[in-house]
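Across the two complexes that follow, chain A remains constant while its partner is chain B and subsequently chain C.
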Partner chain A sequence: MKRLSLMLGLAVATTAAMQSCKMKTAATAVQGDAASKTYVAPGKYDEIYNFVSGGFNGQVSVYGLPSGRLLKVIPVFAVNPENGYGYSEETKAMLNTTNGLIPWDDQHHLDLSQTNGEQDGRWLFANANNTPRVARIDLTTFKTMEILQIPNSAGNHSSPFITENTEYVVAGTRFSVPLGSEDVPISSFKDNFHSTASFISVDKNSGKMDLAFQIVLPGMNLDLSHAGKGPSHDWFFFSSYNTEQAYTLLEVNASQKDKDYIVAVNWKKAEEYAKAGKGKKVPATYAHNTYDEHKQTATSEIKNEVLLLDPKDCPDMVYMIPCPKSPHGCDIDPSGEYIVGSGKLAALIPVFSFSKMTKAIAGKQFEGDFKGIPIIKYEAALHGEVQKPGLGPLHTEFDGKGNAYTSMFLSSEVVKWSLKDLQVLDRVPTYYSVGHLMIPGGDTRKPGGKYLVAYNKITKDRFLPTGPELAQSAQLYDISGDKMQLILDFPTFGEPHYAQACQASLIKDKQVKYYDINKNGHDYVTMGEKKANVVRKGNRVDIYMTAIRSHLVPDNIEGVFVGDEVYFHVTNLEQDWDIPHGFAIKNNPNAELLIMPGETVTLKFSPDKQGIYPFYCTDFCSALHQEMSGYLRVSPKGANVPLKFGTGETVTSVAAK
Partner chain B sequence: MKQASLLTAAAAIALLLYGCGSTPQADTEKPAADNSMAATTPATPTPAAAAAADAKGKGKFTSVALTDPLDQKMIASGKSTYEVKCAACHKLTGDKLVGPGWKGVTERRKPEWIMNFITNTDEMIDKDPAAQAMLEECMVRMPNQHLTDDEARHVLEYMRSNDGKK
Partner chain C sequence: MKKLSQAGLMSIPVVIICLATLWFFPMWRIDMRAPQYPDGLSMQIWINDVKGDVPIINGLNHYIGMKTIHQEDFLEFVFMPVSIAFFMAAGILIMVLKKKILYYCWTGIFLVIALLSFGDFYRWEYNYGHQLDPNPPIKVPGMSYQPPLIGYKKLLNFEVLSQPDVAGWFYIASGLILVGITYYEWKKK
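So, the complex of A and B:
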């Protein structure tokens, strides 16, 4: 009897405990009217462009919200055989680095350009984590226009966050490394390894990037970043971990200390120091790749020098704020007053006050220094702590109504809390292991408070299974009311790491529909079929080819030999929206081309066997698409075959030698 | 009687259905149709209507002033536009390439029709009976090559010169 009641008691207690921490199921989380909130009828447009990082896919994908429909994949740091990015002669230079063409990277964060702290719909910046690079994408063409390599850096994670007038894009080191190319023992980490915060200036009109200066910081891991805004406009904040300066078994050794730091950088001061010559110019090689729209061709320039700023020589430029514990996100609220550090191993969320921080600096309320950089007293900068928010706080976005939303990686939920009194207001489950959150404009001065998207790392049981590898997922929440409501989940392309989103109206009407053929300044343009030509110089053969519905000119080419380097420069003569032509040739160990209307793109082919090689348009462009093809004859080296080309009866001619 | 009223009712329903089913999308909302994979079904207009409509085609050009004598500058400019944007599909002779040869086109079509076809290609192909007849023959929709009004006018002058006008 006694035993039974004990057992019953235990069972009840266990059930109660389980109930209280048990997540809502998908069925109870989603309400009946969810579908109508995300349904965008055929022929209707979505409200919002959502730019989502591709993670280890190296690209950026674009979704419409609220439908979750995939609109486009923009290749940035990875070659893309679908349109020849990184394969065509024009775009190979985009992926050039000081280590040659690197066809892949890990694309983690995105930032939309801003003016006065509001999105302006001009450019999208993207980072490459592995071989540190920052890219700029033009939002009139959705094309990658520029890629800048970052020297003295590794694991370009706290990047590419921008200041509120897009004055600077930052790139912060996740993995500390020695500066330059010194050969040092790994065990000399504390002496020889450094982290750097790179500041890339952005030209107001052209968007062109330039590595303005790097701030050299102690060896540690810079994780995430955000610029101040409004009153904190002059500052940039980085979260850090591994201030233990460990270099092996980091999962244990980098979690020793109770607090790491938020690194507060006064970039205005840094800019002044840089201008006043307080920096040191040191040799450093890095590639700067730009795509010239007029020539439709990218070029890669190798730069040789970088300006380093040492906090020792630049007082009042860098401060440390203690932050529990291995902070990940470092997010600034729309007013610019609150700095939210999310300690991924902490059981609370510390919220710092910018005005308290500046007061503490003025009153020298320091508790020592970290390798010479003053550490502000925790309590002196603290606005307060959100108690028991959930497990594994990672990243916070804001709705512009005084609320913050933090992702909880371990407990798989989104927690809404109030900036003013730091009370938890609501929580909803995510499926599962959410990383970043995104509210359109949620990191600007003007967030849109209607939707929140959670980008999740694990998808098991959400969609039809596809073997061991599943698509990752994003989940859309309606946050317009007091309670958050899950209204959609959709699979994503690549790892949806961070994202940005803005109203469609900011971008939609600026779209380029075709390139004006009369402005085509490509070195190998063919201005009309009459100009089609084949030119041999030594063993290089340049084919000036045109494409229009439904034929290629020339479509018969002879007099090419094994060992030649053949360049197909294909100009799409169409001047109509949405009529690209493709180009592919049999057995070419390369990719296809996709040539936009009015554009010229080049495919290189080096035949190593004789034979007849058909080529054709890969894009189903018209009823006579199948007919849009031709033949290249490749003869043995030294064969007596004259160079000859033509299409139909009009242009057959023998090329001039 | 009973049967008749039923029939009337059926007819009314049919009309209603027809009315609902065929409510056309506002023309402005409809994307300029297609890449010719899906053939648009031409609404067959009555011959009389067609005859009245097709003379000048559909578009903003309702009267085009012709030069006399021909304007040599326009001809030169029209020729260079032809070479970049038109020659891929149109020969200067009467022979069809992808599209019809140009010889005699200024005899067959009014100048307004030509100007409208060049600048308002998609609507003309969708609605103009003569343009639709050409589509059935050529099986490729003429690409809208986005010529400016001036460029179109210059091409017309070049066509007139090609037809031996003086």
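So, the complex of A and C:
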């Protein structure tokens, strides 16, 4: 047995020679006191909320740190039959686009709203990569409140990064496409394809988003982004690849040049140009979906115009900084002075200096232009290079103590280095193939220097196997000391790309516990059981239903026919925390509902067969939850069955026609 | 007739102010706690109302067939303010007349009101705890649900604590002042 583990250890050691001379396996990677650092005793709360992107599941999951416990999955870009999101009449509009209702997406990055460069715990922004969209989630209810579609974009990847006071959320194109919908040959890429950087303004008070303007850039792939801070407050930085402008076999053709660019955008200038009328209003259709808290209903508005800013007409707005090979992360340190580019194919990490960049611009130290956009000389903007950091640097976060931490995809490790002298200080392996990493507040002016989480793509031997597909993992490291220490790994839901985290105290006490029923402004609210009603108009039947422990009113409904469109408007009358009621109907192909206390939600049911359809509460609400049910009688079309409804003593009443 | 002493006279406005708190603060509270209600439930009884988590408590009580609590079901909420208001007015009259014997009567009336209110409170709790719906969803053999008049009691998995609230303490204080001054005046003659 010992021999076997020794041999296995040797095998690992040879493949992981780059990492460390000490052999590390799943079992030996953790030191003795790790458990005590992540143990959150029953009845105690976690320190930190960790918001993790859901990747291809289109949702956002919320974990507690340091325990790694999953607290909630917030549906954002994906329908969720669990609670009716995207299925209920109220929320269908949230997923509306100019291509109809799109019930899924690829959710990559998240950003928590900030004030003065610090997290303020108000909103969480999320991007949809596939059908370009940006969503805003309210952190008092953990509900998606708004989704804005982005026109003239494909692969909304460098998104939704925000400025220091949440003035703007950005959305940068990964796949360049022609503007508008003109029919052009793919081979005309260089002439007809463009990338755009969209700037979405955010209302200070309501959070409401608005597509303020788009900056038209040459055809290339924008990858990631981050806003400046402090001295670089006015600037936004995007990493790019495929500045070769290839349109086929990118794996080879987009890796030709030694350097791609970091695109530096002066968004303050852009804002001024937009206000001064330097932009061009062009037709573009995109959906803007908002959820009205008072009406408890989402509406979708189709907008028809967007303001384009062309760098040609707007001098000093955009500059290019050369950055070695296909940069991914583009991260700004807490002081706002250093811009870290991560060439994912480069064997070094270039660190640029904001003050040097502005000096170079002032002194016109350019080395030509890219489609009219000035290229700053590499050396003129460079602070220095981190030598031999590892392979495949992707993304960097900061601890607020002068250190940077970069994820290395190819060599599967996290590398800690010093911003001051660019020396590598420490490295730890990840299990396995880390993508992004995250330090709570690690991309703000005030990072929390206690924990780092690595989000891994592969897990192999980390958890109990589950068939061909294994869970991805998140790994928690204690970074409070000189040496990073792995203290926990936990499986994740979906494939997390990026994450955000903040102190629990910032959000915990702001939670809405229930909706005030007296403020319920839903068009189909039922204010008390006495108001319960069934109304027929043609073949549309509206059922005004109430739910309270442990019954539904009405719970007997007759006089509904095959072919009717039946709308169950269920109002949860409870005024108590954590007492949602569910609602489901037998054979309903739609979904079920979860109705929060004080809320009204509508489920549509179109019976196409006669019969008795039981309906019931699906959320175990009380000792008499099983009894919380009723019957809908569906009769053949044209049958002589009067419309009747009632519950218990209220007897079956006949609705006046 | 003997005149009231200076102390006796001064006690009257103090008692009136103490009683006036009944209109600004709850007089009694019943706190409940159970594992599924970690933050606890609380009901505050005012001179003319019952407030707090009453809807939630009503919801729970329906399991065991207890009547739901509604402000309009209590005649006490009319009688109490009226009788206390009269009592306070009487105090002003005594302050003008300054007669010892009237002060003794005043104390006597207070004690009668206090005794009656406590008796009524007990009857109220008894009825709620015992007059249960014969067909409740949950029936625990031999169980009644009368809350404690004052102090702590365990009812099923609920811990119940019944105690005076702010105005209740002022009410008790005014009773102590009244009895104390009466005793003092009595001794002095």
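Here, the second predicted complex is superposed on the first by the 630 of 657 C-alpha atoms of A that agree within 3 Å, B and C clash if a C-alpha of one lies under 4 Å from a C-alpha of the other, contacts with A are read in each partner's own complex, and residues count from 1 in each chain.
Convention: a contact is a pair of C-beta atoms (placed from the backbone, for glycine too) under 8 Å apart; a residue touches a chain by one contact, two chains touch by 3 or more.
Since we're looking at a predicted model, the values are computed, not measured.
Contacts of A:623 after superposition: both chain B and chain C are touched. In the superposed model, A:575 lies in contact with both chain B and chain C. With both structures placed on the common chain, the touch criterion links A:644 to neither chain B nor chain C. Looking at the shared chain after the overlay, A:604 reaches neither chain B nor chain C. When chain B and chain C are set side by side, the one touching more residues of chain A is B. By the touch criterion stated above, A:551 is placed in contact with chain B alone, chain C being left untouched.
Touched by chain B in one complex and by chain C in the other are residues 548-550, 574-576, 622-624 of chain A. Of all residues in chain B, those touching chain A in their complex are 25, 29, 32, 35-37, 39, 83-85, 87-89, 91, 97-98, 139-141, 143-146.
Remark: chain A residues 548-550, 574-576, 622-624, 627 touch chain C in the complex. Chain C meets chain A in the complex at residues 55-56, 59, 62-63, 137-138.
Residues of chain A that touch chain B in their complex: 43, 514, 517-518, 527-530, 546, 548-551, 553, 573-579, 620-624, 648, 650.
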